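Notes to accompany the following structure.
Order of writing sets the labels: A, B, C and D. Residues in every chain begin at 1.
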Amino acid sequence: MNYRILYFASLRDAAGRDIETVSSDSSDARTLYAECKRRHTFAIEAKSIRLAVNGEFADWNRVLADQDEIAFLPPVSGG
Amino acid sequence: MNYRILYFASLRDAAGRDIETVSSDSSDARTLYAECKRRHTFAIEAKSIRLAVNGEFADWNRVLADQDEIAFLPPVSGG
Amino acid sequence: MMFRLAESPIDAAALSAEFANADAGACVTFEGWVRSTNAGKRVHRLDYQAYASLAANEGEKILVEAMSTFAIVQARCVHRVGALAIGDMAVWVGVSAAHRDAAFAACRFVIDEVKLRVPIWKNEHYADGQSGWLHPDNTPVDSAKT
Amino acid sequence: MMFRLAESPIDAAALSAEFANADAGACVTFEGWVRSTNAGKRVHRLDYQAYASLAANEGEKILVEAMSTFAIVQARCVHRVGALAIGDMAVWVGVSAAHRDAAFAACRFVIDEVKLRVPIWKNEHYADGQSGWLHPDNTPVDSAKT
């Protein structure tokens, strides 16, 4: 399946891009994050990441669909 | 003794003046207020009045001196 | 002076601007405005009367207490006296601090204490032509016969 | 929209002016400013990055929650994104209400929830040339290895 993945903050810096399209056999977000983490050597563990799918916060149990837009959100620091 | 007495808010309205000089035999603020209350028919009892003497809050036990400037302060309502 | 009485409209923007400070990360302000109704009565306008010298001293004391009680950088309060119309600003409190906890707590402290302790009185003039001096809880002084 | 992201400086006075309302007696505002130091490090400037569409939605949700939770008249929040210098306003929250209890509580609720939930990230650039993305408690993301 193909996913659009959005990166922010330290993940964007580590990945060197704000967006990428990836192919993955997995429809599981944890597996997908693990793949991205390995590829880009992200420092942040999945337990500290919030998931968003297609512009909305999503549970990590969410089953991903082809063409989904996924965002892995590091701990926020607005305000 | 002679006192300058300042009136505010409803006491000022009832007394029809913001300041008056009174002669009194008493150096006790409660007695002095009772005299003023009777003369001007104030509605507010002494227990709801705060006392100020010479520009500072004072205890009701304060012994008044000749020429003191006395203010009988109704419950405040600023803000 | 951190506290003052004002006979003309309060310029909140100018007051806020005085707070600019590189060590402050949080600024909390409170503005009290004249409402059009109180206890179901339509308010037309109101007057604030103050025992000016004592009000200035007591207000200043409150701000000194705030500065020593809370971890704040600056604190100010301006209270109007005289005739005010609906929507006019009656009181402005501003507090800056490194962090927001202290800024919120101190701002709340100042307005609460000002309302309790500073000798200022509000006389509401109602649409029905009546008027009345108010208690701190906005109940009328006259009908209460305290 | 009650919540918005801003790419240019926040005009607090203009925002406050939109709050004029005859039914509101209290207005509490919170301003967050860029401080010159964090955790002992001298901050030179900072960048806020946002997931703009989700940030706008989540911010709006917080203000809707505030409106339904507290007895308030109006609530607004504006959060800066992009490059900010020391002293710049990073976030503005304003709440008006009939009475001050609700105004204080709702203003505090909004800034607390915005900091917790809205996908915005702060990258501090330090005087020593280093920089780093921060956690909600202003500790660095990198050294924590969460």
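Just so it is clear, a contact is a pair of C-beta atoms (placed from the backbone, for glycine too) under 8 Å apart; a residue touches a chain by one contact, two chains touch by 3 or more.
Note that the structure is predicted; figures quoted are calculated from it, not measured.
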| said: Which chains sit in contact with both members of the pair chain B and chain D? | reply: C
| Shortest chain-hopping distance from chain B out to chain C | 1
| chain C-chain D separation of Cα centroids, rounded to whole Å | 25
| note | For the pair chain A and chain C, the C-alpha centroid-to-centroid distance in angstrom is 50
| said: I'd like the Å distance between the centres of chain A and chain B, where a centre is the mean of that chain's Cα atoms. | reply: 73
| request: Going through chain C residue by residue, note those that touch at least 2 other chains and give them in order. | output: 32, 111
| note | Multi-chain contacts in chain A, i.e. residues touching at least two other chains, fall at none
| said: Let me make sure I understand the interfaces: which chain pairs count as touching? | reply: A-D, B-C, C-D
| remark: Residue positions on chain C within touch of chain B in the complex are 32, 48-51, 53-55, 57-58, 79, 90-91, 111, 114-123, 133-136, 138, 141-142, 145-146
| In the complex formed with chain D, which residues of chain C make contact? | 12-13, 16, 20-37, 86-87, 98, 100, 103-104, 107-108, 111
| Touching residues (chain side chain A, partner chain D) in the complex | 6, 8-10, 12-13, 43-45, 47-48, 50, 52, 55-57, 71, 73-79
